[in-house]
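The structure that follows is given in the form of structure tokens.
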Amino acid sequence: MDIQYISNLLLAVPLLPLFGATVLILAPLFSIQIPKLIVSVIAVGSISLAAICSILLNIELNEPSFNPVYGNWIQVDELTISFGLYLDALSLVMISIITGVGFLIHLYSIGFMDKDKDFQRYFAYLNLFVAAMLILVLADNLLLLFLGWEGVGLCSYLLIGFWHEETKNNLAANKAFIMTRIGDTGMAIGMFLLFFQLGTLNIQQIQTSAAELWPLVDVNQKYNLDMVTICCLLLLAGAVGKSGQLPLQSWLPDAMAGPTPVSALIHAATMVTAGVYLIARCHGLFELSPFAMQCVAAVGAITLFIAASAALVQNDVKRILAYSTISQIGYMFLALGAGAFSAAVFHLMTHAFFKALLFLSAGALIYSMHHEHNIFRMGGLAKKLPVVWLCFFIGCAALASLPLMSGFWSKELILGKLLDQHMYGYWLIAIAGAFITAFYSFRLFFVIFYGETKKEPDSQPSRIMVIPLSILGFLAIFGGIQPQGLIDMFSSPDSGQASHSIAIVAFTILVPICAVVFSFFQFKKGVFGRIIQSSVLNQIHRFLLSGWAFDWFYQKIFIDPFIELTRMNKSDVIDLFYKTIIGASRMLHNFLSQFQNGQLRWYSTSLVLFSVISLTFLLSR
Amino acid sequence: MITEGSLFFFSIALFCIGVFGVLVRRNLLFILISIEIMLNAVAVLFVAASSIHNNSDGQIMYLLILTLAASEVAVGLGLVIQMYRRSKTLDVDQLSSMKG
Amino acid sequence: MILMNLILILLVGGIAAWLCESISTNAPKWVAVFSLIVALYPLRTVLFNLDAITSDAWLINESIPWISRFNISFHLAIDGLSLLLVLLTLTMGMVAVLAAWKEIKQRTGFFYFNLLWSLAGVVGVFCALDLFLFFVFWEVMLVPIYLLIAIWGYENRRYAAMKFFLFTQAGGLLMLLSICAFVLLHYQQSGELTFNYLDLLQHKLSDQSAFWVMLGFFIAFAIKLPIVPFHNWLPDAHTQAPTAVSVILAAVLLKTGGYGLIRFVLTIFPEASYDIAPYVMAIAGFSVIYGALMAFSQQDLKRLVAYSSVSHMGFVLLGCYAFTVQAWQGAVMQMLAHGISTSALFALVGAIQYRYHTRSLKELGGLWQTIPKLSAVGIFFVIASLGMPGLGNFVAEFLVLIGSFTTYPKLTVVATSGLILAAIYSLVIAQKTFFGPLKLGNAIDLDNREVLMMSSMAVLLIWMGLHPQPLIDLAQQTLNNFPLGVQ
Amino acid sequence: MNVALGYALLPWIIISSTALVIMLFTAIKRDHRYTSLMTSLGLFIALIVQIMQIGVVEQHHELFIIDGMTTLLSALLILVSLLLSFLLHPWLQNLNDPKEEYYMLFLLATQGALVVCASSHFGSFFLGLELMSLSLVPMVAYKDNDQIALEAGIKYLILSAIASAFMLFAMAIIYFYSGTLDIREIINHFPRTANSSNIIYSTAISLLLVGVAFKLSLAPCHLWVADLFEGAPLPTTALLATLSKAAIFVVLIRLFSEGEWHNQTGVITIISIIAAASMLIGNFLALLQKNMLRLLAYSSIAHFGYILLAILAIKPSLPLTSTTSLASEAAIYYLIAYLITVVGTFAILTLLTNNKHSYPLTIDCLKGLFWVKPSYALALVFLFLSLAGIPLTVGFVGKFYLTLAAVNGQLWWLLAILVIGSIAGLFYYLRLILTMMEKQTDSTLLINTSSSLTSHFILSFVIVMVIGLGVFPDGLAQVIVELVS
């Protein structure tokens, strides 16, 4: 293995898309017109080259980890931050997903964005995103990771607000950025704390020295808020923000304002899973704090349930998918919290496949249906859009984790791990979640493809859109073969593989199937889309529709007081002080001017008065 | 026998009378006269002090004060005439066109 | 006489610009550009030998006697920190000239005269090593700026100019008192009357007198920085100033405050500074938050950016008083990065105002649809100002915060939340200006001059974000010579 | 009378004989140009003689003390007079009344100021003072058809007579108790501690203070000064603002540098209060003042408040006074700076208005001056900056000196007031500068302005002095150090 070759190859992975982005951004600034074809070639070409590089890396890398350093970024005193990339099985999986799925989505976008006037800008952002995401997963230190982390946030912001003429989109973009920024700030503080405690920001060094500094406390004290727990919780804050988990999840459904391929790439397959990646990357740290692990699991469990229930009632096809994304990432967090890191990453991978598939087919659907998002205004499309139908079916099946689909394997693994860890409560939530997931995914499927025909599609998805769809469909079915590297990746409690009773296994397999069947009967009864009469149910429906009213809550608790506070102080309270000085000076001036009355006798009186007063003063001493 | 103290207090009294006159009179002429009274009070004190200390400084000062008083009145009367010619009054309270 | 020549070139250039007005109204700006370029020439020996001389205490050190009665000399010197700031001054001076290129049509000669003289004053402030001389430059740079605001400013210019001047003068007078007291105390103990910085540096004051003397300096610099509650001059001055002056104000004038803190307060009074550090850190944290909150509530785009300056400069103070190497470096970086990014934002607002004659966020909107280049550049600098990693501001804020965290963790956490607020107000700028439905008519997009100006600033920011090490090393040279009690 | 003393008094002799010659000349034939030339020539010769005497002549006469400080400041006073005398001709040219007497009064006032400056005896002090004041009164009311000039004249006459009477009374009381009129002797006999004669001295001092405060227009005896500045003709005002005040201040400086006043806490307190009040009242009265001359009057109140700080800082056993007399230096330097600046300001205002202008001279009259008459405006800008104490002007050096001295004297609360006053001061000086730079022009004032050789000379001289002494103050500072110590 030639080290130089591999490190160059590795460096090329993020730099290629970055190069593409730079070209696409700079060209219009200097008034250079690039034809659409060239734009596509640059954008897709750079990604495909990156994808090829990552495939080559898959082949070439035969060591557990590889850590080339390309130079120093910042070096102040003992703080040394290098441009170092860290390649191991985890990041290899991630870059494969990012470049692979990224490539497919780029390809798809050529078709999808064909008519858009901002074609070039779109690909510039998208390339930039891929570059940032690759830096995120390859970084060997937290600061470089943070660079990618914020970079993807930025691209997400730009792409959510891609159609910037509409204020709604911009507000959604702002919301996404600010909410993730809140988490990021927590993460930044976590970084400060880690540096303060350990003197390094290199992820591997952090984990080794943390293990030395904070030996695993015994179980009785595990709810102690010790240093490692604080660090982990702060990192978790970042992860929660980025991954749309409770309590920072509410930006993700709104983020669907962006173009659909963006939703597929950023808000389903890659960026939102960065949180999962972060925790998996720092697993050595998290394992030191059982309490933090508990928190991760709890966040995941609650989120998966809330999001799944919210997905039940949504009308917008993209919102359904968004909630399902939140919910699925909840599964990943649950897995992480249970210590099943490889299962989490595995689910991340399969989720990337089937969710990208779902989003892209939703995109194709929307594309064909004149930008219609509401599923109840579609219907009966099974025959009219057969490709989309097929893709949707595969995607929904994988999402519902029907047997033998990719999602099935990863979800089963997670459920199994939960049982291994004796986390039965979480297991129950997960099962409930699985039921709801299967239910709403097939609700979606039935309503769109077998509901009443409301609108006719005007076009079929173009070929360039179909190719990625079919590849992703293939992956969504067969992507469930867990790569060996992933299993070996974490030395954590994977070893104790206890076998579960057949009944439990069968139960977990049966739950989604039952849900599908149940969903079918409900659909036949015409429950979906019916106007609800009962006021209680109506309340619940509205509650769920708003995603458990988090937005309302935040509006009341944070945003309104904030706006009120700033509005009150709009003209700067402190300025009043200076204004008072000005007023006082003016008053003093006017007061003193009164004595300048031009009266000679008053002037002479002042002389006499002064002499009298000073005499009195001198004598009184 | 005129004592030193009584001379002193006499001159102070005279001076105060002058000051009072300056302050309360509105007529420019009377103000000038009051100033003369003040100067004369000073002159008395100088002469008295001169005799006490037995040196001539005080008497020289007296002469100087006399000169001052004369020239002051000369200038003052010139202005008085001007003022009367201009405004037909000698009320100093009328002289307040400048203020602020 | 390198530095003297440098200052002299600017001064002479200013006079030449003024005189040239009679030739043509366009002549002064070319003279200004020319003299700014020529001003770099004396620095060539330093710039081309940076690696070789980083160990010396002073890169350039020159002195001629001036007022022998008080042993005052015309003592100029630069080390790494000064060099960085002098370069920033010259660069941003150029940007200011470019920003004024089309905007200033009346009395151009006098305009560029004032511009160059204020730059000369600022360079002098960064170079002066004699306390008296420092004070002279400190005051001298204000008058031209005052005139620039008062003559070429916008609607409420006189009020703003006056406020600016009086605030800074109030601080300046306090500083003068401190300088006098310090020199006399030194004289009392050593019997030597001197205003020389290096001599006074050796002097250790008693705790109480050190506190008062330090306070005078501190307030002067805090006003300039500016720090809440002394910040009120800034929004007005920035809002009313012509674009070029906003650029100068943000880029270099505020930096004189930070520079003063480092060069004088922290170096001469390390113990006294250390004692008040907790309070100062609290004020700094408050500044960060307060500035950001105020920025959010503004409707005037320039005012918004001005308040964001307050917030950003809070980080400088934070960095200065954390007493760690990282935080100190961060403060220096923040001065440079803020100088560029905020100036760029001001230049942008100026460009918008030039096109649309409004700065109100209520009236603007959807600019991307007509002037995409300007908007793209605008987004870039908005992003820079919210602290995007990879750009200079992030490196600075990161260093400040990570450095401060080791000494004042709680306050640092508070200040870190400023990052969230920064995101909020920055995105408000982007959303209300560049995005949304188009409210105003069409306009001409950035011309080549503006693209050159903006892209050079963007390149600088990216460079600072990705490869700040040369700057850090240069600044470190100063820190090595004056440890500031940093552990 | 020996030769040395005669030489020492030569400038006086020249000036008074010029006045006499003018009087005789006028009696024979009135000729404005020759009179003007003669005045300037006389002053010029006197100035040269006086400059030659600086640091050379040392005379301690019973009535006069002519030492380094006296010669330096006398030279300065003559210089101021000389500068103003250049302005008299163009100004008086436009006057209908007889013109020649003005020169005579002008010279006599100068003579009076010189006498006051050198006096070391109450008698000579009194003589000089009255010579100056009484010459000034007709100069104030010189314009025949001017109501407010008359008003100002009457006010000045009455008030200055009252002040003189107060001072005389104080002298008389002191003389009554000590038997001497020699100032130095009196100071040396001054009671160190409270005793029976304390009450007498208190009375005397408070009366004396009234007189001095009046002449220097210090608060609270400042009320007259604005009216006088507004009403009097510009050259008279200039003379009043510079010569008469400076002369008295010199006496004050000498008084304080010789006596041990720091023991007299009562007097020191009163003077401190006077200083503080002057700084505040002067500056705040000027703050929003619209009349240019009233504004200058108020600013002069403030400036003399500042210089009092230097006087108060004259204390022994302080860091710098152990070797040198920083405070006296500061006072002298500030005085010089102030004189140069004020005389420059009045000179330019006189040049600008040229007597054709109808009252009042408001700030708005200067509107747009900068773009119409840049040389005049630039000179005014420097002068105002100097008054405001901005670096690179002579005013700043003065203020710096003063601050150093006051810090040395640890006058903290007065320094605080100085800061407040200076900031308020900046406000109105900057307002003036800004008015000149405004875009619209009020042309009524500016059209008249002629540019002659004289005006060019005065402008350049003023700029050179203000900037030159501001940038290179060392020469003057060294001279002062030598003369004072």
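Annotations for the structure displayed:
Labels for the chains are A, B, C and D, by order of writing; each one numbers its residues from 1.
Keep in mind that, in the parts below, contacts are C-beta pairs under 8 Å (C-beta built on N, C-alpha and C of every residue); 3 or more make two chains touch, one makes a residue touch a chain.
Owing to the predicted nature of the structure, the values given are computational and were not obtained by experimental measurement.
Chain C has the C-alpha centroid lying closest to the overall centroid of all protein C-alpha atoms shown.
Of all chains, the one whose mean C-alpha position sits at the greatest distance from that of subunit A is B. Centroid to centroid, with C-alpha atoms defining each point, subunit B and subunit C lie 65 Å apart. Taking each chain's centre as the average of its CA atoms, subunit C and subunit D sit 42 Å apart.
Each chain gets one centre point, the mean of its Cα atoms, and the points for subunit A and subunit D are 77 Å apart. The distance from the centre of subunit A to the centre of subunit B, with each centre set as the mean of the Cα atoms, comes to 96 Å.
Multi-chain contact residues of subunit D (touching two or more other chains): 154-155, 158, 162, 226-227. Among the residues of subunit A, those touching two or more other chains are numbered 593, 596, 598, 600, 604. Not a single residue position of subunit C touches two or more of the other chains. Taken pair by pair, the chains that touch are A-B, A-C, A-D, B-D, C-D.
Taken in their complex, subunit D has these residues touching subunit A: 154-155, 158-159, 162-163, 166, 194, 199, 202-203, 205-207, 209-210, 213-214, 220-221, 223-224, 226-227, 265-267, 269-270, 281, 284-285, 287-288, 424. Of all the residues in subunit A, the ones that touch subunit C in their complex are 25, 28-30, 72-77, 79, 143, 146-147, 149-151, 154, 157-158, 161, 164-167, 170-171, 173-174, 177-178, 181-182, 184-185, 188-189, 191-193, 195-196, 565-567, 569-570, 572, 574-575, 577-578.
Residue ranges of subunit C in contact with subunit A, taken from their complex: 163, 228-229, 231-232, 235, 293-294, 296-298, 324-326, 329, 366, 368-369, 372-373, 376-377, 379, 383, 388-390, 394-395, 398-399, 401-403, 405-406, 409, 412-413, 416-417, 419-420, 423-424, 427-428, 430-431, 434-438, 451, 455, 466-469, 472, 476. Taken in their complex, subunit A has these residues touching subunit B: 593, 596-601, 604-605, 608.
Per the touch definition, subunit B reaches subunit A in the complex via residues 19, 22-24, 26, 92-93, 95-100.
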